[in-house]
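Structure provided below as structure tokens; questions to follow.
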Amino acid sequence: MSDTDKPNKSNSLIWGILFVIGGLMLVWSMSTSRTGQVWVTPEHHAFSDTGEVNDNNDAVWKSIDPTAATTTDITWTTYEVVPVSELIPAMIDSGDATLSWSRTIGLWLSAIFTLFILSFLVGDNPAYKFAEAMVVGTSAGYVLVISIWDVFIPNLLGKLFPAMVQGWSLPGMDASAPAELLYIIPALLIVMLLWQLMPSGGWISRWPIAFFIGVTAGYRMIGYVEADLVAQIKAGMVPLWVTGDTGEFDFWLSFNACLLTIATLSAMVYFFFSIEHKGLVGKVAKVGIWFLMITFGASFGYTVMGRIALLAQRLEFLFGDWLHLI
Amino acid sequence: MYRILKDLDRRWIFLAMFLAVAIPVLARLVFPEVVSKQAKMVFDAIDDLPDGSNILLAFDFDPASQGELLPMAQAFTRHCSIKGHKQYYMALWPLGSPMVDLSIDTIEDEYPDMVYGEDYMKFSYKAGGEAVIRMIMQDLRGMFPLDSKGTQLDDIPMTKNIKNIQDMDLIINVSAGDPGTKQWVQFAATPFGITTVSGCTGVQAPQMYPYIPEQLAGVLGAIKAAAEYEAAIDEVYPSIAANKKAQEAKRRMGPQLVAHSMMIVFILVGNWIFFVARKRGEA
Amino acid sequence: MKRTVPLAIAIVAGFVLLVANFIPYAEDWSLTAQEWFNILAVGAMLLGGGNLIKLHLMKISSKKAGWGYSAVTILCFFLVIVVGLLQMGVHPSPNYPDFAWSGYVLEEGSGLWWIYAHMVVPLTSTMFAMLAFYVATAAFRAFRAKNTEATLLLVTAGIVLLGRTYAGVWLFEGWLPESMQWLRFDNLTVWIMEIPNTAGTRAITIGIALGVVATSLRILLGIDRSYLGQD
């Protein structure tokens, strides 16, 4: 168990200090600005039937001035967020800007969830576990929904039942396109894949898994050979005697080219594990390791940069979007 | 001092890191940016194209890496918009599709003269990863029968005459992992010779250098490169320089400097503890 | 049936993709295979969702420790599925306003958009933001210059960490002679990335490519059958 998992008195003290400081910041922010509020302006839309039909024999509609809409027209309202910096009392008084409760509640929930996850730094706690459970559930559900609407319906159902899909959710499709019955095969393969969830007959899912593996092996082999093997070997063969723009020998460019070649070859020698790393091979492999360590050091530096940017963005959200401190 | 530091509760380190990032964020610390060679290469790859060129923008990242990548994605959008390039957006990550929507929101807010279907358009998300890339290099309509709004590609002016991605003049890939830049290099840039530039996370950036310059025309690695790219755009386009929303990466470099310095201190102090412990025979 | 047919499927599918690179007539078959791959990927996601439900329901029914959190997971999962599949709060497409289901499911203001913007984004991005703290403790507790190799790694990391910020320029401003500007940390970082890093990464890339080729060949020739599982 890590030292921050052990229950100790300092945990309570830390939580107490955090709540006091956080509470004070919240009270000060709410008293000086519209903390955590999201204001919106409505945008009305209206559409009228032109009386014409398109290639699918569906009515053609056109956008009209919402104030001229009649009962036979289709209308709806969308909302645009008004940045707090642009929000003036006149907009609120005239009703142009209204407080959006759904987005305001959403903003507070976003901030609370962010703090729940950050609370893990003090110690494991129910709030973090609750947030963790939500991450798993919402992410999985979201990915499934998007895949169904963006892939399953247009690329499978749209091929097998074009008229039905066109009449239901994809009116832009060609309704007269013939059904492509070959797509029954991927549909069957999906059913076979889902058989893995059954208590018995799991071997049925081997067919679609084998298809995945075969296709992946096939195209990856070509992709890696072309881009990562042949092209990289070609890129590694650089002239070692380099002349500058004037045509004269350039020492530093030549030095860099030689160093690049030596470093690449020595690092590759290190990865030859079928030869014992003794004698000359051992010395070359040692040089290779040094260059690899420089590579990993550079990777570490860049990785740190990446992680800190993510934290900075979350703090910008908390301090800016939620608390309006910046 | 040695004992205190040796047995230091890690939560003090967390607090130090938190303050190292929070204080510059609150103080809005910003530093000047010097445009590096890589940022210039990426800038030139987009800027040297004739106005109105076809550009595929593939946003392969999600909210987990938007802190690093969203500023450069937005910078790419603004640069392409001001050059009048035709922008074709797509995403190979399910959580990447809303990232494209943010770019489209930027176009609608800041370049209202641009028309969907004539100047920019979006393909919906597809699940096959590199198989999608491989397919659209040959047959766009086989993978995308419709655009994200449900319109057939033949009915959209800017896709009517596009058979496949080989008709693109440039591919811009913003990538956080797999599928991402590596797959675009393997299945688009290398076999078909399409000029490709990449914006990627700090974790990925060092792995992309072997592809430069033959397979990748340039790489923006992490938020620093994004800030340099913003600086390169600002030098040439004053209207973007005056736009506060277009300086997001530069704003994030303030916390970077302080936090990086803090990391150096941690490494030095940690090693001091190690050497003292070794000297005392405790290591 | 249980092993022979899947083995044949893997070999045939793989060779179709391989051969299509060399024989244009096979291109159509490979495009079909890739379309099916894209569709099957959705099947894999359905399987993942099904597994998620199965595992968490088992945890709830056996009342294992932490079963309440499994209930939260399943509740959130089904909430997103219902809101997303029923397109709650989604307006029709402006091009086809009479088709109620023609709208974009992630339209700003819709139910799924709300869940994405106020639940998925803060939760996933904060999860990854936590890594900054762990990297800091790792730097303090684990990164030791124990030998030459570790020292090389740490020195390089230090140069890159400072070189990729304004500190790399500022530390040398005003006193470093023009001829020694290459020692400035930002210039050194560029050199490190272009020469040693490129060399090391190139070696690793070539090694991985050889490994992928070997593994793919083993699958395509039917030597590696581990994906078929046990009988």
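Labels A, B and C are assigned to the chains in the order they are written; within every chain, residues are numbered from 1.
In this text, a contact is a pair of C-beta atoms (placed from the backbone, for glycine too) under 8 Å apart; a residue touches a chain by one contact, two chains touch by 3 or more.
Since this is a predicted model, take the numbers as computed values, not measurements.
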Going by the contact rule set out at the top, which chains touch both chain B and chain C?
A
Interface with more contacting C-beta pairs, comparing A-B to A-C
A-C
By Cα-centroid distance to the whole-protein Cα centroid, the innermost chain is A
I'd like the Å distance between the centres of chain B and chain C, where a centre is the mean of that chain's Cα atoms.
15
When centres are defined as mean Cα positions, the distance from chain A to chain B in whole Å is 12
Distance from the CA centroid of chain A to that of chain C, rounded to the nearest Å?
9
Could you list the positions in chain A whose residues touch two or more of the other chains?
121, 139, 142-143, 146-147, 151, 155, 169-172, 215, 219-220, 224, 228, 232, 235, 295, 298-299, 302-305, 307-308, 310-311, 313-314
Where in chain C do residues touch two or more other chains at once?
34-35, 37-39, 41-42, 45, 93, 95-96, 102, 106, 108, 116-117, 120-121, 124-125, 127-129, 132-133, 135, 139, 154, 157-158, 161, 164, 193-194, 197-198, 201-202, 205
Could you say which residues in chain B touch two or more other chains, in rising order?
10, 14, 17-18, 21, 64-67, 95, 97, 126-127, 131, 134, 143, 149-151, 206, 210, 222, 224, 256, 259-260, 263
Residue ranges of chain A in contact with chain B within the complex:
2-4, 10, 14, 121-122, 139, 142-143, 146-147, 150-151, 154-155, 158, 169-174, 215, 219-220, 223-224, 226-228, 231-232, 234-235, 295, 298-299, 302-316, 319, 325-326
Note which residues of chain A are touching chain C in the complex, please.
45, 47, 49, 58-59, 61, 63, 74, 76, 78-79, 102-103, 106-107, 109-111, 113-114, 117-118, 120-121, 129-149, 151-152, 155-156, 168-172, 182-183, 185-186, 189-190, 193-194, 196-197, 202-203, 206-215, 217-222, 224-225, 228-229, 232-233, 235-236, 256, 259-260, 263-264, 267-268, 270-271, 288-305, 307-308, 310-311, 313-314, 317
Give every residue of chain B touching chain C within the complex, in rising order.
8, 10, 13-14, 16-18, 21, 31-34, 36-38, 62-67, 95, 97-98, 101, 105, 126-129, 131-132, 134-135, 138-139, 142-143, 148-151, 206-207, 209-210, 212, 222, 224, 253, 256-257, 259-264, 266-267, 269-271, 274
Mind listing the chain C positions that touch chain B in their complex?
27, 31, 34-35, 37-39, 41-42, 45, 93, 95-96, 102, 104, 106, 108, 113, 116-117, 120-121, 124-125, 127-129, 132-133, 135-137, 139-146, 154, 157-158, 161-162, 164-167, 169, 186, 190, 193-194, 197-198, 201-202, 205
Contact set on chain B toward chain A in their complex:
9-11, 14, 17-18, 21-22, 25-26, 28, 64-68, 70, 94-95, 97, 124-127, 130-131, 134, 143, 145-146, 149-152, 155, 183, 185-187, 189-191, 201-203, 205-206, 210-211, 214-215, 221-224, 251-252, 255-256, 259-260, 263
